[in-house]
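Labels for the chains are A, B and C, by order of writing; each one numbers its residues from 1.
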């Protein structure tokens, strides 16, 4: 209704900074970023070359922030960015980019391409060129509180189920707890085991934790659509909740973009440093393990592999912990080619999985992931991102591959000795 | 001195055999077939001596010295015996009006047949007043003499290309012979001074074949100016190995390494010094340890310092300070403009609400 | 204008102008780019060994893990011609002399036959990257006039320099003058084309390394 091209261009002028200027000036059109992008490697369509996805942004930069560009613009020699063009670019900026950051990892001149895509989305969203799927996810998150429309009563219902299942209390709004656990809606709806796993892990570690009635949803579709104003609205709920409950640490769930939104973007969105720490659940588990607070028994015997969520490895720096944790509970853990830092995306990150019209392309791009799976033929895939998990499950089904996908946190929790230690000690006495 | 050349030479103690050998050498230098040597000898021996008029303009007499005084007695020098040198101020006995009369006479007698040799450049400034002979400017004299000439031979760099008088800022407005003479064949024999054998070679060719030798685009005989000094330099292997003398008294200089870095202009200089050498084949500049000055090339005087290597520009950083200041100024100005426009975009920011996502 | 006049001009006023425009352009463009600034990152940093701007400046000189096989020509020929250019520019005796004359610094050069060999390899590598640009879909797709132009103005100095040294095609002074002229064209266009990556790539790598280093990711 009020998204306009002018607004979009103005936002682009706001977000273009020295790194972007440096990146555009450094690009030599070597095309290596294409080789790093699963949308190019699986389609062979050069339009999906990452740096090409930024062409309108490059022109705005050139026309607004370089002397020669300004002169060319004044003389009418430059091609202005139009609504029609941005509309064409929607597919390139959203459908065929999962913000996986592989391009940024390979660029020989050092361009952080995904940094630019993230900023370009600010202008795309402000000019009304974000895809319908992500727009409605943002809408639901802002108006209802979660992209899947989950409200507090639904959370409370799941809490009751889980409490019954694991026989442990699920604290809500417990002031002064050490940890505030936030969830992704997928975990609330599709994978409630996660909540039970947290309860058991915290119980064993002897840590206090809580959920928050006003900040249970961690996912941030505002980051995916690329709108800082809306992302700020969403992240502020968690900041307020954490500060209200005076927790020391907020635990990001198994969700890549939730982690990025909270850990790296949150403070910048609200314009001040956080008064609490933010950790991914895998980081927390890694700490517990290192401190001897996480003990497991028994091993999975089937062939397991670990799918690194992009936002956790390349964009988040959590690389070693999942391996340590996998080895705690898996006898037959195999790594896929390119695993770890250079792992290939599930093909549905960055909001791509919310774009209906992008599904065919996404499934085509999944062949990259499939080839990784084919290389090691795992019995099951473990991951640490609910979105990866859903996308992998759907895509594997599409390709008739019978490989179940599980969450790492749940798998660890399954190996925690059944009786809580305190209870066991009490029994012995 | 009348009669054929061979008799004249015989009188001076030059045997027929020596003359034949000389002609053969000359022929080979000019890249003519071996038979041409004999033909040359026969033609020259029998030739009727053509009239030659030698006009000196803005010159230093070095060219004349080179030919007549190199050392004594030379075959080159004697070749002059086979021509009828009817006017040569420096050499002729006559002076004043008598000399001028000789010039007029020769031009009239041999109209259309005489060879005109010129050394020195011709000043055009002040209506040619910078250099006059008998009250007439060089440019007048040249134009008049060239009219009746069969061909004009410009001897030395000044006559060929303007030479030192033409060097920046060229106060006399000096020009070369070929700048003024366009309707007659002109041969340039540049060099400061030119190599004597090149001059006699051209004369011998003219006498033998009645024509001028093959010339390059600068009207120089290809046989002598076809290659650069560098192409034929005996120090070339050191250049190829990257062995250079860096000062005139270092180990490299003592070892006879390449003088490129000491400013040798050999690579851009077309001349035969490296093969013909000087002073009867005794030596030549590079062999004596000094780089080539490039004296036979146009504008050699303005080609940068004699001791600056060819690859070295005179003053490459001349504008660097000024252009850095301008560059920094432009950059800073654009920077300020960018900041202003970015701040404007920021203050115009309207917080996006959900409705703002829709178009 | 004869060959020596041409040579005199290109290594006199021509070079002065070219170096002047080059310096002007470089400072202007660097300020234009880096004065845009950026916001401070307010998120709590995570420190990891090897994750910093400086690390990335160096690390990005090597191919990212597993990438070599995707574009072997880009990497191998790319390395060859970049290294070749550096060796030719800085280790060929006449070039060293030029630098010494300009700024007073000097160092030993390579034998000219060796430089000759490097030049041939460099030209071959440049032709290879050109062929690769035509062959590889993303490169061909991305290429604009500027890419072909930049290739040409980079290739010409190497070619003319080699031809001059080898005494091929044209007389040495003409070829040397053309060589210097081609270098002047290169100097003049460098700040205003993608060739400016020779300067900005350090900044780009540093930003990338710094932004991701803040997250504890050694990129």
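Everything that follows uses one rule, which is that a residue touches a chain if its C-beta (ideal position, glycine included) is under 8 Å from a C-beta of that chain, and two chains touch if they have at least 3 such contacts.
In this text the structure is predicted, and so the values were computed from the model without any measurement.
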item	value
Chain whose Cα centroid lies nearest the overall Cα centroid	C
Chain pair with the higher count of C-beta pairs in contact (A-C, A-B)	A-C
Approximate Å spacing (C-alpha centroids) for the pair subunit A, subunit C	38
Subunit A-subunit B separation of Cα centroids, rounded to whole Å	78
Set of subunit A residues in contact with two or more other chains	16, 65-67
Overlap residues in subunit C, where contacts from two or more other chains coincide	28-29, 32, 35-37
Junction residues of subunit B - those touching two or more other chains	330, 334, 338, 342
Subunit C-touching residues of subunit A, taken from the complex the two chains share	16-23, 25-32, 34-36, 40-41, 44, 46-47, 49, 51-52, 65-68, 104-112, 115, 263-268, 271-274, 277-278, 313-317, 337-338, 341-342
Subunit B-touching residues of subunit C, taken from the complex the two chains share	2-5, 7-8, 11-12, 15-17, 19-21, 23-32, 35-37, 93-95, 97-98, 101-103, 109-115, 167, 171-173, 176
For the subunit C and subunit A complex, residues of the former touching the latter	28-29, 32-39, 41-44, 46, 48, 51, 56-57, 60, 63-67, 70-71, 74, 78, 133, 136-144, 147, 150, 192, 194, 196-197, 200-201, 203-209, 211-212, 215-217, 219
Residue ranges of subunit B touching subunit A (in the complex, touch as defined)	330, 334, 338, 341-342, 345-346, 348-359
Sites on subunit A touched by subunit B in the complex	1-4, 7, 10-11, 13-14, 16, 64-67, 125-130, 135, 138-139, 142-143, 225, 227, 229-230
